[in-house]
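Structures for review follow.
Next come two complexes, and both contain chain A; in the first it sits with chain B, in the second with chain C.
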Partner chain A sequence: MTTLIQAKSPIPNTGDSMNRRTLLLILLLPLLVIFAAGLGYAVLLLPEQPQYLPNLVIENMDQSGVSHPVTAVLLNFRGYDTLLELVVLLLALLAVWSLNIPAARHKAAPNEVLDTLTNLLTPVLILVTAYLLWVGAHAPGGAFQAGSVLAASAVLLLLGGWRISVKLAGLPLRIILMAGPAVFVIIAVVTLLLEGQLLKFPPAQAGQFIVIIETVATVSIGATLAALFLGARPTATSNEVANEIDGEHK
Partner chain B sequence: METLTLLNWGFDILLGLGLITLALWALFCTDLFQAVVLFIAFGLLMALLWVRLDAPDVALAEAAIGAGLTGALIMAALARLQNISRNDHPDSGEKSNSKHGRLNE
Partner chain C sequence: MNPANFYALIGIGLFSVGLLGLIINSHLLKKILAINIMGSGVFLVLVALAKRAENLPADPVPHAMVITGIVVAVSATALALSLMLRVASETGHATLPDEVEK
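Here is the complex of A and B:
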C-alpha cells in the first residue's frame, strides 16, 4: 500500500489527493462491512420476545407525575439517560471552548429587516418556550424542544449584533450553563437519600420534581446551544472586539 | 376512505423518495453552502416524516434542533472555514467567494 502512495507522489497535487481518496475509500470498505456485520450480529443477539415496553409505561403512568408517556419515560422512568444527555451537551460546549478560537466577526451590518424581525420574534419565541415547557407534562413538548426554541431566539439576537454583557459573561453564564445538570444531579442525590434509589421519584412529588428539572434544564439547554453557536468563549476581551465591530457599523 | 388511504400512501412515498434524494444530494454536492441548505431541507422533511410515523415529540425535536439549530451551527462553522481559508491563502480569496457562481452550474 505504501509503495502505491509513493509511486503516485510525483504526480501533481490534485491527482494525488484524488488517488488518496480512492485509496481511503477502498480501505474504508472492509471497515464498513465489519461494522455492518457487527450491527447485524447485535440485532440477531436481541432477545426473541422482548417485553412489550409501551404497555409497561402505560401501566405505570399514574406513578410518573405527568400524563404524557414520552415525558414520563424521559424524565422519570429513564431519567438517567436525560441527565447524561444534558452532560453531553455541556461537554460539547467545553470542547468548543477549549479550541480557543477567536470570536466571530460578523461582517454583515445589522440591517432593519433583521432588527425588526428580531424585535417581533424574540418575545414570541420566549412565549413558545414557556408553552412547550409547560405542555410537556401532558402533550408533545418538553425541555429539549423548549430549550432549542429559546436558543433560536438567542441566535437571532446574536445575528443582530447582541452580545452578552461583560458582567454576565463570566461566572453568571457558567452558573446558567451548569444549572440544568447540577439541579438534576442534586435531585438525583435527594431521591437517592429519600427513596434509596437514584432518580426514583416518590409518586406524590414526581410532578413537582419533573417541573423543576425541566424548567432549569430548558434555560441551560438554551444557553448552551446559543453559546455553541457563538463558538468562542465569551470573555471581556472578545466582548470588546464585538463592541468595536458594532462601533464601526454605527 | 379508499382515496384517503391512497393519498396517504402517495404522500409517504413522495416523502421517502424526497428524503433519500435530499440526503444523497447533500452528501455528493460539491458546494458546501448548498450542502448545508440541503441538510436543513432534509431536516424539515424528516420532521414531517416523524409526524407521519405518529411521533410528534421526535418531530418537534427534529424541526427545532435537527433542522433549525444544527443548520445555524453548520452555517456558522462554514463561515469560519471560509474565513480561515481566506486568511491562509490570500490569493485564493476569489475562489472561496465564487460559491454563488458554482450554484448556477
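Here is the complex of A and C:
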C-alpha cells in the first residue's frame, strides 16, 4: 500500500517540466487572486443575517424533543437529510469494497508505547463517545461527533495491528453497518403510521425517538468510518495475514 | 471588520489555495488533499457566516449542514483514495492518463 502511494510521478523532474510548472503558476496566480477577491467581495456584500429560518427553529424548539438547536435541526426538522446522509456513508463503503483494492499489509512493529497508548486510550475514547452522544441533546455533540470519536478509537486499534475476528467480519459487521439507517427508516415508517407524515415525530416522544436513532447511528457511523479507513473488505484471508503478524509479535 | 467576515475571508483563502493545488499538482493524492482543503474553506465560510450579527444567536441550519458535510467529505475522501489505489495498481502510477501524455 505504501509503495503504491509513493509511486513516482511519471513526469520526470527535469528542468523542462519545472519550467512548465512555474509558467502555469505565473499564469494562474493573478487569475486566482482575482477569483479570491471576487469571492471575498461577495461575502462582504452579503445582506444582514437572515431571520426567518433561525426564528422558525427557535419557535419550534419545545416540540423538537431536544434543547440544542443544531441537534434539533439534524435529527428532527431536517431528519430526512440525516437519514440520506447515513445512506451516503453506506454507499461510499459499498463503492470502496467493490473496488477490490489490495488489503493493506502494514506490519505494526511491536511497540510498547503504541500498545500502552492504545490500551489506555480506547476505553477513554469509548467513554467520550458516550458522553458526546448524550450531551448532544443540550450542547454541541451528537451522533456524528460521537461516531467520529468511536471511529478514531477503531483506527487506533487497527494501526496497532488489531483486526476484526473472522466470526464477526461477515454478517455481524454488516448488521452493525446497516443498523443506523435501518432503525432510522423503521422509525420513519412508525412516524408515518402515527402522525401520517414521514419523520414527523410526535412532540411528546420526539426525545426518545432521537435518542434511539442517535445511539444506533453512532455505532453504525463509527463502524462505517473505520471500515472506510481499512479500505479492503475484511475477509478470512486478510485476517490470516494479520494473525501471522500477530504471531511474529509473540 | 467583524470576526465573522474575517473567518469567512480566511475560508475563501483556503478555498483558493486548495483550488491552486488541485490545478498544478498531477499526483492524485495531492489532488485529493487539495479538494479537502477547498472543502475546509467552504465549511469555514458556512460556520462563520452563520453568526454575522452581534446581537443574534448563531443560525443552527448552516451548522447542521457543516456537520453532515464533514462526514460526507470524509467518506468521499475514502472513496477517492480507494479509487487512487486502484488506478495506481492498474497503471503503476497515481496520475490521470491525460497528464501522463504531456
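Couple of notes before you dig in:
The rule we apply is simple: the second predicted complex is superposed on the first by the 194 of 250 C-alpha atoms of A that agree within 3 Å, B and C clash if a C-alpha of one lies under 4 Å from a C-alpha of the other, contacts with A are read in each partner's own complex, and residues count from 1 in each chain.
Everything that follows uses one rule, which is that a contact is a pair of C-beta atoms (placed from the backbone, for glycine too) under 8 Å apart; a residue touches a chain by one contact, two chains touch by 3 or more.
What you see is a predicted model, and the numbers here were worked out from it, not measured in a lab.
When both complexes are overlaid on chain A, the residue A:Phe229 reaches chain B and chain C alike. By the touch criterion defined above, A:Tyr80 reaches neither chain B nor chain C. Contacts of A:Tyr131 after superposition on the shared chain: neither chain B nor chain C is touched. Put simply, more of the residues of chain A are touched by C, taking chain B and chain C as the two choices.
When the two complexes are overlaid on their common chain A, residue A:Leu89 makes contact with chain C while staying clear of chain B. Shared-chain residue A:Ile101: touches chain B and chain C both. Of the two partner chains placed by superposition, chain B and chain C are both touched by A:Val70.
When the two complexes are overlaid on their common chain A, residue A:Gly141 makes contact with chain B while staying clear of chain C. Within chain A, the residues touching chain B in one complex and chain C in the other are 70, 101, 142, 144-145, 148, 225, 228-229, 231. Residues of chain B touching chain A in their complex: 56-57, 59-61, 64-65, 68-69, 72-73, 76, 79-80, 83.
The touching residues of chain A, counted against chain C in their complex, run 1, 4-5, 7-11, 21, 24-25, 28-29, 32, 35-36, 39-40, 43-44, 46, 48-51, 53-54, 57-58, 69-70, 72-74, 78, 81-82, 85, 88-89, 92-93, 95-96, 99-102, 142, 144-145, 147-148, 221, 224-225, 228-229, 231. For chain C in complex with chain A, the residues that touch the partner chain are 5, 8-9, 12-13, 15-16, 19-20, 23-24, 26-27, 29, 45, 49, 51-53, 56-57, 59-61, 63-64, 67-68, 70-72, 74-76, 78-79, 81-83, 85-86, 88-89, 92-95, 99-100, 102. Those residues of chain A that touch chain B in the shared complex are 70, 101, 104-105, 132, 140-142, 144-145, 148-149, 151-152, 155, 225, 228-229, 231.
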